[in-house]
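By written order: A, B, C, D, E and F. Residues from 1 in each chain.
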Amino acid sequence: MKSGMLSVLSDISILRKGGLILLLLMGGLLATQSTFADDPAAESAKPEEVAPAEDATAEEAEEPLTLDSVNTSIGTVVFEVGLLWTCIAAFLVFFMQAGFALVEAGFTRSKNAVNIIMKNLMDFSIGSISFWLVGFGLMFGATNGYFGTTDFFVSGLDKDGNPDNWTFAFLLFQTVFAATAATIVSGAMAERTKFVSYLVYTIAITVIVYPIAGSWAWGGLYHGGGWLENLDTPFIDFAGSTVVHSVGGWAALAGAIVLGARKGKYRADGSVNPIMGHSMPLAALGVFILWLGWFGFNPGSTTSLDGGNFARVAVTTNLSAVGGCVSALITGWIMFGKPDVSLALNGVLAGLVSITAPCYNVSPCSSLCIGLIGGVICVFSVVMFDKMKIDDPVGAISVHGVCGAWGTLSAGLFAQEVFGGTNGLFFGGGTAQLVTQVIGIVAYFVWAFGASLVIFLAIKYTIGLRVSEEEELRGLDITEHGMHAYPYLQHVESN
Amino acid sequence: MKKIEAIIRHFKLEDVKAALVAASIEGMTVAEVRGFGRQKGHKETYRGAEYIVDFMPKVKLEIVLSDDIVDKAIQVIQESARTGNIGDGKIFVSKIDEVIRIRTGESGEEAI
Amino acid sequence: MKSGMLSVLSDISILRKGGLILLLLMGGLLATQSTFADDPAAESAKPEEVAPAEDATAEEAEEPLTLDSVNTSIGTVVFEVGLLWTCIAAFLVFFMQAGFALVEAGFTRSKNAVNIIMKNLMDFSIGSISFWLVGFGLMFGATNGYFGTTDFFVSGLDKDGNPDNWTFAFLLFQTVFAATAATIVSGAMAERTKFVSYLVYTIAITVIVYPIAGSWAWGGLYHGGGWLENLDTPFIDFAGSTVVHSVGGWAALAGAIVLGARKGKYRADGSVNPIMGHSMPLAALGVFILWLGWFGFNPGSTTSLDGGNFARVAVTTNLSAVGGCVSALITGWIMFGKPDVSLALNGVLAGLVSITAPCYNVSPCSSLCIGLIGGVICVFSVVMFDKMKIDDPVGAISVHGVCGAWGTLSAGLFAQEVFGGTNGLFFGGGTAQLVTQVIGIVAYFVWAFGASLVIFLAIKYTIGLRVSEEEELRGLDITEHGMHAYPYLQHVESN
Amino acid sequence: MKSGMLSVLSDISILRKGGLILLLLMGGLLATQSTFADDPAAESAKPEEVAPAEDATAEEAEEPLTLDSVNTSIGTVVFEVGLLWTCIAAFLVFFMQAGFALVEAGFTRSKNAVNIIMKNLMDFSIGSISFWLVGFGLMFGATNGYFGTTDFFVSGLDKDGNPDNWTFAFLLFQTVFAATAATIVSGAMAERTKFVSYLVYTIAITVIVYPIAGSWAWGGLYHGGGWLENLDTPFIDFAGSTVVHSVGGWAALAGAIVLGARKGKYRADGSVNPIMGHSMPLAALGVFILWLGWFGFNPGSTTSLDGGNFARVAVTTNLSAVGGCVSALITGWIMFGKPDVSLALNGVLAGLVSITAPCYNVSPCSSLCIGLIGGVICVFSVVMFDKMKIDDPVGAISVHGVCGAWGTLSAGLFAQEVFGGTNGLFFGGGTAQLVTQVIGIVAYFVWAFGASLVIFLAIKYTIGLRVSEEEELRGLDITEHGMHAYPYLQHVESN
Amino acid sequence: MKKIEAIIRHFKLEDVKAALVAASIEGMTVAEVRGFGRQKGHKETYRGAEYIVDFMPKVKLEIVLSDDIVDKAIQVIQESARTGNIGDGKIFVSKIDEVIRIRTGESGEEAI
Amino acid sequence: MKKIEAIIRHFKLEDVKAALVAASIEGMTVAEVRGFGRQKGHKETYRGAEYIVDFMPKVKLEIVLSDDIVDKAIQVIQESARTGNIGDGKIFVSKIDEVIRIRTGESGEEAI
């Protein structure tokens, strides 16, 4: 038996097939491997304020202790703990992929659950690769103000060829953010999009749409520096209400428009025929996972110890989330006569998206208000898009697009100097910040919606964006993936 | 021999079963079904859109029995399944030509 | 299309409705917003031993380095890392909400799954708000020994109006603890409680029952100092076997008694007719999530680096959990002839609750014993409550109430001076600690059970506590929320 | 009612039964409790380079500040933060148990879901206890090169009887690793193994197979030092591609061979009759949870701040995971004509297992290649084992055994000196490292497969390893545990 | 009285129901079934192994009605359930001896 | 024409199907049901409380066929579904008046 087992690895004919596929996969990569090892192109910069330093505990360094050396050691500790926090936050944000997969699977029909899961899995996978190859450079490379032009194919080595751990931590953190923007789209396009076409779009958003957008407001975090950072009153979007969520949301809007509604979503008389999801427990678990992930998303965006400000950000994040939950529940209850679980779950996400921009700059009380308003907006937005016949199975456009815009705007209203930055309109700061926020919101809408529209139309008229009617009826799981999500009956296979 | 098919409410299943067993009817087969009838279902909203739940979850009982206890069975079911509200369900009776017990190969009345 | 989309936000009639709801929601909040910004009432105290200090890495501060300044910088790092750990632990504890939701949903019928989820979602949401507004102050404000009277409506600003990040971290940590106590109740009251009435109770427990109880043993962690902390031999409840879990458990007991058993739980002859849950995989996942969360709950209760003692606490926590699991499994196996999954899962939780009080003060070996005993107690307790016709669908009273009491008691038996504190009875410390523990257990039982009983009876005789029989039969999902948990069939929608 | 409740605890007859069971459970433990408290046998060593130090913030120590004392304080901070990171990573690795449970439950039939969950729950529980009692000492105690002989029954006290938190953190971290190796086996043996026999094997693997194997390569992390660490070119297995995953995988192989295939897996003509799992959403969630856990598994294996290298490890880990996902998807697509969700999910795990050994020593680009190759290998391996009639329901042998071997080998190919260690074959380091890697792979295969084979055969011919045919047909849930995973129908219990 | 049993495609259920209601047939019971017929199912692979999905998910409609509207009902079902592809399903007609409405105890035609 | 309804064990479904196909019977419809009969179910405990699982999961096969092959079919089913233990199930035979193939509109024997 044992030798039989080992034969797996040596069976020539199998290996030949496998080798072929590998060659197809890795052509370019392997070719560049050696060059790349010798030539660490990227010039990397640790954040200015942190002096690189020897490991404080290294005894081998026989240099005498001085006040300066000790102080440097402290700087090193602070720096490394900042890396640790950035990484842990990135892990939490990574886990949001599971949250998205569950929310989207739960809110759609079981005949499309495999497809939804595959889309979430693949957009993260493909996105991780393409953001590493291209996106990161476009977003954070040295820039002309509109997109970066260096730092592609991140090696993580500094100019001396030594590993630069800050770059690694930052790359990881930014990768999971990019994947978030990408994955938002899948929910709005659920239950009717061709798998291959979705993969193509995923590449487009992680290679083009998101990185360019991101460079405008966040490029300065690394080697870049975008035009929105250089306004007189710089744009506030601490963790990405607009940069991540609205970009994803507006792309989702473009996708939903180009696709059209699911068959059966609208009755002959034009009224909405609701298509319910297949599992509220999965959806709810997804929301809890997203919520957990958001504690990495927002507080983690300090990407350093930063005087412990992550604690404050965590509090504002949570208060907005619960505010969104409560107000969406109440709004739905008043309007439709019952406490609707799907709206309450959307409300949580609405609150979270809303606070993502201003989380660093507002008080707990303000954050609760921002969440409360976000929850209400979300419910009205969901209903409006339904009325406009833009079919968004999971409410992604409302939650991420619209509430992302609201959150970004709210920074111009509720920001307080005491937390760093300027005062917003409600705190005597006038309209300067508000105007910047509006400029940002509009610019991002134009870019993200516009570019995505072009891409989706291009896909539509080439490889096609939507499955056939029969495939839609039978479900994408069996027609695209040859597999049911629940192949066996749930309760009885025994006797 | 006859077959009784009874469409009843879910939460009446235990009562009906107990009543049938009490009447010495000890074989039956049950299936989950969804029924459409006078009980028109109710209007619900989901995310603000209205819809009508017109297929109500029901349980279908199938009982094959000899002709002489059919009336008794019908009476027992009707009494134990009744709530008096619309949606209580229906009983259908039809003829069965033959019954075979798979285990033994017995057939006819003795196989029931 | 774009302008159509934007019209969502500008459509007057919709906005009018939304505005109305918002006004209803936020009246008070918005009114106090400005006052609050000017007047940071709370006098906040960072833990004494940590000197507030400049950021060690800030180069701008041109002050010369001295041994003192460097030492202060180290203090700052230690302080900020402590905040970080507190926050990460709080995130893990937050995630326990998902665990509770899944355990409770899994252990109950699918016709009530939406309702259970909604209850867990809303008790966290409402609880977060009400604890922030009132509960925190009652629990941690300056105190008369029985409840706090300051620190309501936490602004997180110190007396100079600057953000005090310790307060934020502590508020977050305590909020997720309070929500845990609240959510325990929902399991025991599952499948028959009116949704509105549950929400009312949630406010009561996070505003009154839990904070007052908490102030007795933990008030001194902030501005308070309760009577149990001031006994000669202070009460040991490191992470809340009693303060959180028993309080939740006894409240659950009161709720279950006032409600009465679910229809069908008892046969005409008085014997138990078990009502099984609908999904063991969901329940098991919930338990794993709770277990993960407990690594924040117990080790995180150090709320600082604390010499790395969190590692020891993590070990004792885990050994007790596995002890509870193994002994509950074996006990069930011996008594009922099979390895029962629901008892094994309850056993894990029993072990975790048991070790929550003594986790800091006992050895690994003792913690394993505490867990083993906790698992056995849990099984017997579950059976006894069933016999007493107190219907607790998920075993919350046994797990949290009874094992919470056992765990608190065990601190008086197994505590060892070497871990900080006094020796317990088994380690030559005599009965002093044990007596204090018993006093605490009894006092908390009287308060939590008594106060909750009054509240539940008040609800019962005003808005009513229990749904109608027909609603119970049809399930709360469709009758209270107009929605099924699994609206579509699981395995077939395609053709 | 209250007194009724309390009577639970005082009811004599119940307590008598309970006491009996407790006695059975705890005999030895309680007996050794006091000795153990007085006599902290283990001689513990903190990692050499970290000087133990007073808490930097303790004001009570009135000793004057000196450069040395301040430097020592910094060392303490670094040490304690290292403990914190080790613990957080351990929590993430712990959570992988939930991931394994879900993947295995999702990939098997619902009639065996309770059984799978129980196996995962119990192997962690029993494994935690037995690793603490025996395994840790065998693996990390002072050693003869082949297994350790001290440090059993870990007390965590140093020679002065004071708690040594490094030992606690390390014990926790190693316990969750041991449990991972154990739990891998359950997937390959799913749906046909007797529950009791599985528990016996669990004890064997955590007491014998894994610890002895582990001591060879990792013993030196504590008091040991195995022969593979002492080779001229030491064996590279940073986080356990071989030590953990291959060991688990080869044990799984032995188990699957001894058990034989599930009834119905092969048709009369010898062709494979696929037996699908019952829930792809659960399986996918499990994979995401495992992925999250791996961010503790690999980066956490730094077990200290280590200059922030965890960030680099996190990047290589993620790139390999996504590489495995993409290549497994594409391979499956080319070979079988459709994008298969189960292969894509296996591909993620293949990528993760593959990078586990070399994660510290390779570049991002190399890690992507390693993952891409791992994904392809995994698909071919799954197909081959199926053809060889070795029935592995979840692909554990391929994912953990085969890809673990590949990953270990890859360290000899792709390692780069710049990341610490030697250069591999592809980077001009010649074959030295490669040879060591091959030695390690073969040695571990021989031991893990051989020892497990003996154990499984011993179980087979004593208490029996496989359930009866009827039990298999009816499902292990009802026959072994008397319970269905989904006792109620999913969608209708109401009316 | 007759019973019509119709095995149809899932996604035709709404259409058939609407057509029946339009024809004033307002009582029916629906169940999930799996059908085996000429529509041979398709070959799928799972982890590289081929298998045939030969039981196709279908919906079974049961309608009890009086003799005079049977032909109308058959026609309505056939028209609304038809796609023209293999797998459209079948209609079976049999005799029912008795119908009882549980709620009222009415029997025969008036109970339908 | 006749309808055979057979209540069988779950794990016998594949065997029975294969045997029927071998006997050239190529149309059937299958449903999940729960059966109550002599196989009284077993006692289980859940959290210490006993209960009886009296509804056993079964599979129901419905086959409509022409009169001349009914006996053959019954024999085939009985042989392939039999284990000899209580709970093997039953076969019921009844008359079908009409069969229509939805796709083509064919009726009678040619529609089977």
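Criterion: a residue touches a chain if its C-beta (ideal position, glycine included) is under 8 Å from a C-beta of that chain, and two chains touch if they have at least 3 such contacts.
Every value quoted in this text rests on a predicted model; they were computed, and no experiment measured them.
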Contact-graph distance - origin chain C, target chain D: 1
Copies chain F and chain B - interface residue numbers shared by over half, same or different: different
Duplicate of the C-F contact set - from D-F, A-B or B-C, the pair where over half of the pairs recur: A-B
Centroid spacing, where centroids are CA-atom means, of chain B and chain D in whole angstrom: 52
Approximate Å spacing (C-alpha centroids) for the pair chain A, chain D: 30
CA centroid of chain E to CA centroid of chain F, Å: 18
For chain A, residues contacting two or more additional chains: 67, 70, 74, 77, 79, 81, 88, 276, 279, 285, 335, 338, 340, 342, 383, 473-474, 482-484, 486-491, 493-495
Where chain E touches two or more other chains, by residue: 11, 31-32, 34, 45-46, 58, 87, 94-95
Chain B - residues contacting chain A, complex: 45-51
Touching residues on chain B, where the partner in the complex is chain E: 2, 6-8, 31-38, 54-55, 58, 60, 74, 77-78, 81-95
Interfacial residue positions of chain A with respect to chain C in the complex: 49-51, 67-68, 70-71, 74-75, 77-79, 81, 85, 88, 92, 109-111, 253, 257, 276-281, 284-285, 287-289, 291-292, 295-296, 299, 305, 307-312, 314-315, 318-319, 321-323, 325-327, 329-331, 334-335, 338-342, 344-345, 348, 363-366, 368-369, 372-373, 376-377, 380-381, 383-385, 388, 390, 402, 416, 418-419, 426-427, 449, 473-475, 477-478, 484, 486-490
Contacting residues of chain B [partner chain C, same complex]: 11, 44-46
Parts of chain F lying in touch with chain E, wherever the complex brings them together: 3, 17, 26-32, 64, 94-103, 105, 111
